[in-house]
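Order of writing sets the chain letters: A, B, C and D. Residues in each chain are counted from 1.
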Amino acid sequence: MPSRSNIAVIGASGYSGAEIVSLLLGHPAAQLTTLMTANQERRDNEPQKYSDALPQFYRLCDLEIEPLDLDELQKRAIAITFLATPNEISHELVPKLLERRLRVIDLSGSYRLKQSALYARWYGFEHQFPRLLESAVYGLTEIYRDLVCKAQLLANPGCYATSALLPLIPLQQRGLIDAKVDIVCDSKSGVSGAGKAPSPNTHFSEVTESFKAYSVMKHRHAPEIWQELGNPNLIFTPHLLPIHRGILSTIYVKVRRSVNELMISECLQEAYGDKPFIRLYTHGTLPEVKFVAHTNFCDIGWKFDSDRSNLILVSAIDNLGKGAAGQAVQNMNVMLEVEERAGLL
Amino acid sequence: MPSRSNIAVIGASGYSGAEIVSLLLGHPAAQLTTLMTANQERRDNEPQKYSDALPQFYRLCDLEIEPLDLDELQKRAIAITFLATPNEISHELVPKLLERRLRVIDLSGSYRLKQSALYARWYGFEHQFPRLLESAVYGLTEIYRDLVCKAQLLANPGCYATSALLPLIPLQQRGLIDAKVDIVCDSKSGVSGAGKAPSPNTHFSEVTESFKAYSVMKHRHAPEIWQELGNPNLIFTPHLLPIHRGILSTIYVKVRRSVNELMISECLQEAYGDKPFIRLYTHGTLPEVKFVAHTNFCDIGWKFDSDRSNLILVSAIDNLGKGAAGQAVQNMNVMLEVEERAGLL
Amino acid sequence: MPSRSNIAVIGASGYSGAEIVSLLLGHPAAQLTTLMTANQERRDNEPQKYSDALPQFYRLCDLEIEPLDLDELQKRAIAITFLATPNEISHELVPKLLERRLRVIDLSGSYRLKQSALYARWYGFEHQFPRLLESAVYGLTEIYRDLVCKAQLLANPGCYATSALLPLIPLQQRGLIDAKVDIVCDSKSGVSGAGKAPSPNTHFSEVTESFKAYSVMKHRHAPEIWQELGNPNLIFTPHLLPIHRGILSTIYVKVRRSVNELMISECLQEAYGDKPFIRLYTHGTLPEVKFVAHTNFCDIGWKFDSDRSNLILVSAIDNLGKGAAGQAVQNMNVMLEVEERAGLL
Amino acid sequence: MPSRSNIAVIGASGYSGAEIVSLLLGHPAAQLTTLMTANQERRDNEPQKYSDALPQFYRLCDLEIEPLDLDELQKRAIAITFLATPNEISHELVPKLLERRLRVIDLSGSYRLKQSALYARWYGFEHQFPRLLESAVYGLTEIYRDLVCKAQLLANPGCYATSALLPLIPLQQRGLIDAKVDIVCDSKSGVSGAGKAPSPNTHFSEVTESFKAYSVMKHRHAPEIWQELGNPNLIFTPHLLPIHRGILSTIYVKVRRSVNELMISECLQEAYGDKPFIRLYTHGTLPEVKFVAHTNFCDIGWKFDSDRSNLILVSAIDNLGKGAAGQAVQNMNVMLEVEERAGLL
């Protein structure tokens, strides 16, 4: 076996971080060697074994969680550092990591938007590093593969954004969409998308047997979708599903009058027919959350009403898979120039 | 206490039927005296106590389930007969009940559509009684109260239709909606909406931790919505939530350019401000399924983007409450000319 | 209608408190007139409408939540004050309420144990009012009805304790149990039993699709069960179910060699045959959580292996019903000398 | 890469069968080459692609489901044939497969019990092949590894039995258990244990937010546990959890008076310290279902009350993992003499 690249995860105790750890356990080309925490409180405490905090990893990953130490990352020749940290922490850590010539995959939203001015409104903080926003690669792997290869800083896409953009980008780029009519993206996500911190909104008794829309007209994935789609005429509404993991988006598109079913099918086929993690549903069935749970797939299906030029797209991903850790590992594979599917299929 | 009216339920072992029984238990003006089954198989068997079939009713309702006997209903002076039976059974039973001058509240879809020709396409059977379709009252209580009073045959609305129509009808009737842009109604329902018959689609392991769209562009509640809204430019998509009861609909409306927030608010307030079972959310929060579970409320909230004239309405009902049994009992109250809220609040 | 007694609830924003409010809404003999909070933080804030905090009560209960004011309770001639407050708060408030001659139903555990010394070990605080422990009535209504009538201070039983004690007390009192063999009470509860405060243990993603035992050999309902059963040879193990409400206890009892099936059946029948909220399952089926959800019933079933003298009892309650608010209202009814079932059936 | 052994699965559309397919996808030493159905109805129909029936396998396993053909299995040099078929089908197929010198791993219960007479009572059919019962190897890998190696017919253990036997066998064999007191094994399982066939008992709406005991004193895993434990003084009660996959068993054991905590710990450590799929919880935490979901682990924890010699063991497995498909693949690994963890970690 060839030697494997050293990998570090900062923030491995959250859901996305733990999913990265899980995917790296059996990875043929990458070896998780370092877990660090940027949480000040934890840094001051006794070191803790990862599997004491997350017993499901007992005997699978018994590394210690070390306090953050950037020099140490450099010394250990870490090939890729995953940041599974809150927005503010990532915002501050990324420049320090890049200074030390460490390649970073950031799972937060802190380096996804190109216009720094948007951060104050959508994220609640002033972005201090507009130059890095320019150089950051938006890691929608199927769309930006060539840039991902060489990325120093990879901004891993938001989960909702991934589920909206993958079905829409080919149709938008090939000019199939009627620009005069708003696209409606009605998305539904499992609770892990809200992270691991307990709150009234994620209390079991408040979520089970219920369902709600939230952050209507003000969710921070909206500007990310508008930017990458190159089309701001899209209404995005997130909802909270009483499930742990998974996103399903139902997307309503008015296509141009000249567009027929075959054109839609060919457009998507051409874009994704050879992509390992996009599955097109061509036989009338539609994606469901359970078909993609615990995978890195984005499944895409559609129904078309040619009389009215109405196209309904349905996409499904695992928000912790293709919506976060899965896509991050896929990007790592591309950055390390190993098989794109390594550790994921 | 004044004497209570005698009530019969045919098909009380399903979810809607059982919910009617439950609501009638404590009703001050109606007394459940008769449970009958139209199911041939059950009719041939030994009579069964209702609470043997549904142990939650033990000591609450220990009536026997009798085989269907229309003459007997007449003899017992049944004031209202609820039909909680499949479409085909209701289709056949309704004329026989009306012949005997029995007043009927039918929870199936068999008498909701005014155009008999639609039944072949949407319900899969030829409707035999077009005259009855004309005389049937569509029981959206808040809209048709005057007709409900005198109804002989009341067609209780579909659950999805109720959640779509109540927020939309006032806006449509007062001309606030931009007629050139399709309305999108993205609805999500609990599993009880699919009835009690076991199937692969409702198997616990297939539903839990999953979510899907179904009957896309072909659900039979669509024509019911188009008919009652008087607007066919509406796309309706149902989804299956991993919960027992509840519907939430997210409805995307383009309003006319001249419409402002106050006009929307006043329109809904005028229509529903005095209605006991509609709750308008005027303070920025939005309805959630858990707020209406086990009630007869339809909760309505909205967000408005005046720059783009985009209105997002969110409505929530309990599909077994306002979406079926609750509204049926509300209609019964109106038909019996008792307090509309009796037994429901 | 005769005038209704004035009722106050302190701590109505938690699950048990909200359930009391809900049960009082339609109560024929009691009127909820006062909601107060003992939470210092909330007391200093602007007064809040109850239905703003809990939107499900919008239009049903729009009372204001007032800061705690004991004099005010006296002035308003409150007949019963419910305390749905944490243990430490109840511990401190009870004597002050009693001083003002207010009758109290305390849903916490602070006045359930007769031996004050037990509080340090099981509750983590020193009990300051041993005399009140003596005079407090343990509110297992079916067992202590005569004392409940006249109670000034009623200690409402714990949810697990209720599910364990109701099936066991008659068998223990009539001497059917083999004293040499430990009773095993394996109990499973929904998450609402843990209260409404968010925590990692009640985070949706940590609970759904999982199950665990907790507080093994050290849950504070154990001494309550031992005390009331008069038998410490009972092992009690609580488990966390991924549901909102409900408890099911599976109880393993070795009966004395001379005991036969009929004796068990008669013993339970004699104790509970005329009790409105105990349902004995005599036909081979067993209780399930869904049969008692949203009710005040305690359902009891059993299987007996006469060869080995093994009796397995299964009891089911709604932990917020008979396990908390339901039983509290039942006790209120008895204390007010109105129909025991008022507002509950 | 060395050549991989050819593997067949009969009955791959059920939950256990699909889990075997899933585990074989990435297996380094085994290649799934054949899917067959023994279902007469399906055999007469058009062949179907596996991923059409189970869309989650689209692009992962697109084999055809062929009608059962034993000669074909022989021709294709199938090294191991998994039977994930109903009891009656396995009962009939096993001798035919053995005749053709095919090695069989049967996931049904048809060859687990040594005494053929037990089948009439517990399984409802007369066993026709008592000789095969003698030669069948009970595939609790950790206990019978030496026999598993050479097995022609491997009877894969029941899910409940696995969760009960693994913690108990070492304690029983080393004589730590007080033989005069019954062991109580209170087990809780997810719904997938009941299989994929829809039924009222597994309907989503009947399971969610509920919980029940079932088959009390008559579940067919009881005789399997008694046989393998060599101790019939064990009461086994299964319960249905509202989750898809996972079993947790809470086991109450009275140990002999001379037994102390260290002896228990050493007994389990000695038995399982070097076993890759048993994780002993030695630090006070207890196993939970979520720690073992989607793994082949059996996690074992315990609490001991030395004053009363009461030992409470808690074991957790994934019923489709170590409780079925995982253990079956583990047994396959041993039978093929490859690394025991291949494809499982």
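Keep in mind that, in the parts below, contacts are C-beta pairs under 8 Å (C-beta built on N, C-alpha and C of every residue); 3 or more make two chains touch, one makes a residue touch a chain.
What you see is a predicted model; the values in this text were computed from it and never measured.
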Over half of the contact pairs shared by residue number: find the pair among B-C, A-B or A-C that meets that against C-D. A-B
Compute the centre of every chain as the mean of its C-alpha atoms, then state which one is farthest from the centre of subunit D. B
Nearest whole angstrom, what separates the Cα centre of subunit A from the Cα centre of subunit D? 36
Per the C-alpha means, the centres of subunit A and subunit B lie apart by a whole-Å value of 40
Could you please state the distance in Å, as a whole number, between where the Cα atoms of subunit B are centred and where those of subunit D are centred? 46
Could you list the positions in subunit A whose residues touch two or more of the other chains? 190, 206, 208-209, 242-244, 288, 290
Contact footprint of subunit B on subunit A as seen in their complex: 181-182, 184, 186, 188, 190, 206, 208-214, 216-217, 235, 237, 239, 241-246, 248, 250, 252, 254, 286-290, 293, 303, 305, 308, 310, 312, 314
In the complex with subunit C, residue positions of subunit A that touch it: 15, 190-192, 196, 198-200, 202-209, 242-244
Subunit C to subunit B touching residues, read off their complex: 25-26, 52, 55-56, 58-60, 208-209, 279, 281, 283, 285, 287-288, 290-292, 294-295, 299, 345
